[in-house]
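Just below is one structure, and these are the notes that go with it.
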Amino acid sequence: MDIVYSVLPPQFLSQVLVGLSRTTILFIVASGLSLILGVLRIPNVAHGSLYMIGAFVSYSIAKLFGGGPSSYWWALLITPFVIALISFVVERGVFQFLYEREHLMLLLLTFAFSLVFGDLVKLIWGVEYKSVPVPGAFQGFVPLFGGIPFPLYNLFLLCVGPVVALILWFIVNKTKIGKISRAAAVDREMVGAVGINVSWVFATVFVIGCLLAGLGGVLVAPTVSVTLGMDHTLIIEAFLIVIIGGLGNIWGALLGALIFGLSQSLGILLWPKFGIVIPYLAVVVVLLIKPTGLLKSTW
Amino acid sequence: MLRVESLSKSFEGFKAVNNANLHVEKGEIVAVIGPNGAGKTTLFNLITGVLKPDNGKVYFKGEDITGLPPHEIFKKRISRSFQVVNLFPRLSVFENVQIAILSREGKTWNLFSPSKKFAIEETEEILERVGLIDKRNRISALLSHGDQKVLEIAIALGGKPEFLIFDEPTAGMSPEETSRCIELIKHLSEKMGLTILFCEHDMEIVFGIANRIMVMVRGSTIIQGSCEEVRCNKAVQDAYLGGGDECSV
Amino acid sequence: MKGNLLGRKGLLTGVIIILFLFILPFIFPRFYIYMTSIILLTGLLASSCNIALGFGGIYQFHHAVFYGAGAYAAALIITKSSLSPWIAFAAGPIVSAIIGLIMGIISIRLSKLYFGMLQVSLGSLVWVIVYRWYSFTGGDDGIHGIPLPEILSSANGAYYFTLFITGLSMFVLYRILKSPFGSVLQGIRDNPLRSGIIGVNVKRHQLMTLVIASFFAGVAGTLFVVVDNTVFPDMLFWTLSMEIVIMCLLGGWFTFFGPMLGAAALVALRTFVSSFTVYWALILGILFTLVIFFLPNGILGYIEQKFKKGTEVSVDRG
């Protein structure tokens, strides 16, 4: 091990793991965004709001179940479905009437919703910070890489990422809805012409995408202070990830999240003051080389 | 004036234009005919630089213009109209034509003088010629389909062309609009001395106004010649005209 | 032609509005003078964005960057150098224009949504730098109490300066739109392909448009320094950019004065709504949704449609 450490210092390895657990959150949120962009062509700014609402809802559910160490599991189980329900109502109630409008209008509409969602959160939960308990089994730290303590919960996140990716892969490639939505992404008229109700396909994809945003919110909740405005930077990051990965491409979202998450954590290690600039620079570099994203876009 | 030599273009293996040959002399009206999918529009796109050919050469007045970008071709005084209406929908009829003239004269970088002062006479003259002067202030998206097709031609004229290419100029027009459009094309040729290349499905129009005809089938030139030669050609009759013997020579 | 005053009635309205703006400080209390100054400069900001967005068809999604950059450039020159504030005021717009040029060169290769997203990522980079560089920009505190020349330090002085510069800028923008360049720009918006075919260098015209738009955003930013004496990083944040786009939409983005009207409506609404509730964003969000559904051409666009039947048309720019 010492040979490894002489090349790659333990702080570095530890920071890579931090970056990877950050990647998990970014990937889950961005893949939902990418799914909605790819199939419905909606640049959904309200996606970040659903992530924030996910975090707040998980706080309330955890509190409802006593707020103890195990209450988090209930939150993890229930919250995504609450978010799915909200997004279902929004999609059927408003968004479905605007699919034919240009992207700019959709962008503004979703921005309007993000304003509404933001204030609703303020109305329901107030402006104070909230904290969500770390689940019992993952409290505390483990010594890793030369004894540097590493939060157990982040290890949990590292395992969740691949699981979500696998489930998504299965849904997109192996299920009927996945196949239909991939076809609809390429040619919606054709899918409509063969007798499939495109409107409901869109609704389903939208709900799945938003559910991922909510899931991201629940997963991140124990690691941060849950607060208003947590949606603002995340949505930009998620959009950048989707863009550098290739619009609508879920593996692109994974690749983009890796680039963003790792450059963020390593940037902070190398250059504490301006580390946060590094991922943005990375995005610009990627886009200079491949303006339409690294992987094939579905557009 | 225009010479196309063994021009070819394929899309993912499909040979849209395959070894096409064509020559047009100054002052002529030449028609390209052929069944749907014969590659007529692709041929026009290759000549006007919208597409780049895989093989072959295009010469204009002896100069090699193969593969030049569309705006260079435009500057060589080759203008075209499009099969599908391709206008500036939110601008007025007048502005549609004026833009082409401004561009030709290199005035597009003038930021501070009102456009109202530029190219008024020339624009009005063109609109007069094509018969759209009464509708000069109408928004072009609100014109009838026939008027939009005529406006297409008017924009092309804004480039002060010597050579005009019309892609199915009368497609979708009513019978009156069609006869007006034919008169316009004849006028451009006779009064302005312009050289015209066009493609058209309506054989009556083709034989009515063309000096010569080029027949394209599956991307290749079958024959090029006068109307009579084409009408009498056995291959053309088999492939396209349906075999009827209308030969009068 | 779009963006036109509505004939004689429009001219009369314009004269009345200008007269009103001139005598406003004599009638209304200080608070309204401040608010009107903010409306004017925000209106200029939205109008400059709309040059690219409504008239150029360019998805300028992060216009706030140029506003903030101009404001920061002016503020930093005033506070960190011994140069005259007037030089700082001139430098603000120029810095914005240069940033606009650089960002434009990088992103103009792409179109529509991709272009907008690249603007957002480059703009976020600028924002992050301003936000994190505590020692230079003051980080998230911003810079406060920026000293101004004597003549501008009173509310009225700042107001008349803002009124004059905004008026002048709007006049220049109007001239540009009515120039051959402006005609060609609108042609590019309507049909970039055909514009290219008739010999227009589409990308270069769009780039010029971006430089013009960011220059005048910088003018607006500099005016903010004059009116408010502060700068803060939220001036470059993407949410403000979205609000700018909404102002354009609200007023009507195929009209010249629409964005100014949209800005006035938004600033006034925010000022009054937030005086009785903290949930003004909720109200604005609902309002925007209604506008998107029922007034897709904005307030002025709707009026034009009503009064000039047959000449205006709603062509969805897909």
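Order of writing sets the chain letters: A, B and C. Residues in each chain are counted from 1.
We take it that contacts are C-beta pairs under 8 Å (C-beta built on N, C-alpha and C of every residue); 3 or more make two chains touch, one makes a residue touch a chain.
Computed from a predicted model, the values in this text were never measured in an experiment.
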## Note on the structure
Joint neighbours (chain A and chain B) are C
#### Entry: Chain ID, smallest distance between chain and overall C-alpha centroids
C
### Query
Just curious, how far off is chain B from chain A if you go by their C-alpha centres, in Å?
52
### Query
Distance from the CA centroid of chain A to that of chain C, rounded to the nearest Å?
32
### Query
Using the average of all C-alpha atoms in each chain as its centre, how far is it in Å between chain B and chain C?
43
### Message
I need the residues of chain B touching at least two other chains; which ones are they?
### Response
none
### Message
Quick check on the complex: what are the chain B residues that touch chain C?
### Response
48, 50, 69-71, 74-75, 80, 82, 86-92, 95-96, 98-100, 102-104, 107-116, 118, 137-139, 141-142, 155, 158-159
### Task
Enumerate the contact residues on chain C facing chain A in the complex.
59, 61, 106, 109-110, 112-114, 117-118, 120-122, 124-125, 128-129, 132-133, 237-239, 242, 245-246, 249, 278-282, 284-286, 288-289, 292-293, 296, 316-318
## Note on the structure
Interface with chain C, chain A side, in the complex: residues 43, 45, 94, 97-98, 101-105, 107-109, 111-116, 118-120, 122-123, 232, 236, 239-240, 243, 273-274, 276-277, 280-281, 283-284, 287-288, 291-292
### Query
Which of the residues in chain C come into contact with chain B in the complex?
1-2, 175-176, 178-184, 186-187, 189-191, 193-201, 205, 208, 254, 310-313, 315
